[in-house]
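Chain lettering (A, B, C, D, E and F) follows the sequence in which the chains are written, and residue indices restart at 1 in each chain.
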């Protein structure tokens, strides 16, 4: 019964359906391999967070991406 | 001041407005009854998670539902 | 596969083993009754938070309890 | 590497882009000032919760707002 | 800047220091491989939950383990 | 009724009681100032995470701190 929550940026950085399936399979397998946890009751939730709502370094990711693009 | 977070599948399995009101009332009452917590400051958050973002048994719920439908 | 997280104060307000079992049974039953969720894969986590780490009204619960005791 | 999660009401109470940037800057600065945490790896996530999904006092915020409006 | 939270049972089922390092390395690598996320700002938090505080199937894990042991 | 969760390293990096009170007061004031949220129902939870359970850059913070100390 492990529970895993993953938060990643959404919008134009949102993972595809295939990528989400791969993350869910991957982390469930990781818990089974390392801790021998039962995959049948392993719950995983992926949350896609708007880039205006996600902060790093005191800035929104929207600002972080703009600053990175401006440097190119 | 208890805080409760409930994550359930959204999309075509999303709870109705009435069901969400019932969950909020029910869990607040549960905490008041069992632990004598003050309902006035009990905070409840229900999150509806897309079935592509919710995993069980290493599969997305989208896949789980498809496999269940195929067995019928 | 719903996931429920409950945060309550710990320390001398910590729930007993019996109360925790009652909360887990109660919220699992609530989700089964209201949303027809399968109890077998409903995961519940109760977290007991130290009163110095829990805030309400801009104060720690330690301070809130002291202020309430002083008023008596 | 502190991680901060803030849940607030969405819908017509949703914070603006500017307000979200101010919350992210503010809480990152708070952690740097009080705990000397490195802003560069401080992660902040703001979640906007539908008022039907947010509960206080055993009621949804939708009901709380209606009751408050009716009293005026 | 992905954020990952993993909740697993603690007590006599608690992961070792080596297992926790393996989980952190594994899930960080998974996010880098599948979503090309930068490991440098990927934050992972593992929480070990007392078996009295963890519920599955409406029972605490303490009860679940006792019932399983009784069947052997 | 905003809810704020802050995760920081514990152990010998754990915040003091005074620092936790300052974080709770500070983030509650931030939400009141920026979003006009009512402090009376603002709930804050600070979680202190063992350095073996906290990961950044694919390493536990225990390893990160050792590597940093070795460089000095």
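The rule is short, and it goes like this: a contact is a pair of C-beta atoms (placed from the backbone, for glycine too) under 8 Å apart; a residue touches a chain by one contact, two chains touch by 3 or more.
The model shown is predicted, which means the values in this text are computed figures rather than measured ones.
In this assembly, A is the chain whose CA centroid lies farthest from the centroid of subunit C.
Superposing subunit A on subunit C by their CA atoms means rotating through 180 degrees, a value rounded to the nearest 5.
Distance between subunit C and subunit E, defined via averaged C-alpha coordinates, is recorded as 20 Å.
Subunit C has its Cα centroid 16 Å from the Cα centroid of subunit B.
Residues of subunit C in contact with two or more other chains: 1, 3, 7, 40-41, 43, 45, 47, 54, 56.
Of all possible chain pairs, those that touch are A-B, A-C, A-D, A-E, B-C, B-D, B-F, C-E, C-F, D-E, D-F, E-F. The touching residues of subunit F, when paired with subunit B in their complex, are 1, 3, 40-41, 43, 45. Contact residues of subunit E toward subunit A in the complex are 1-9, 15, 19, 22-23, 26-27, 30-31, 34-35, 37, 41, 54, 56, 61. Across the interface of their complex, subunit E is touched by residues 7, 47, 49, 52-60, 62-63 of subunit F. Considering their complex, residues 17, 20-21, 24-25, 28-29, 39-48 of subunit E touch subunit F.
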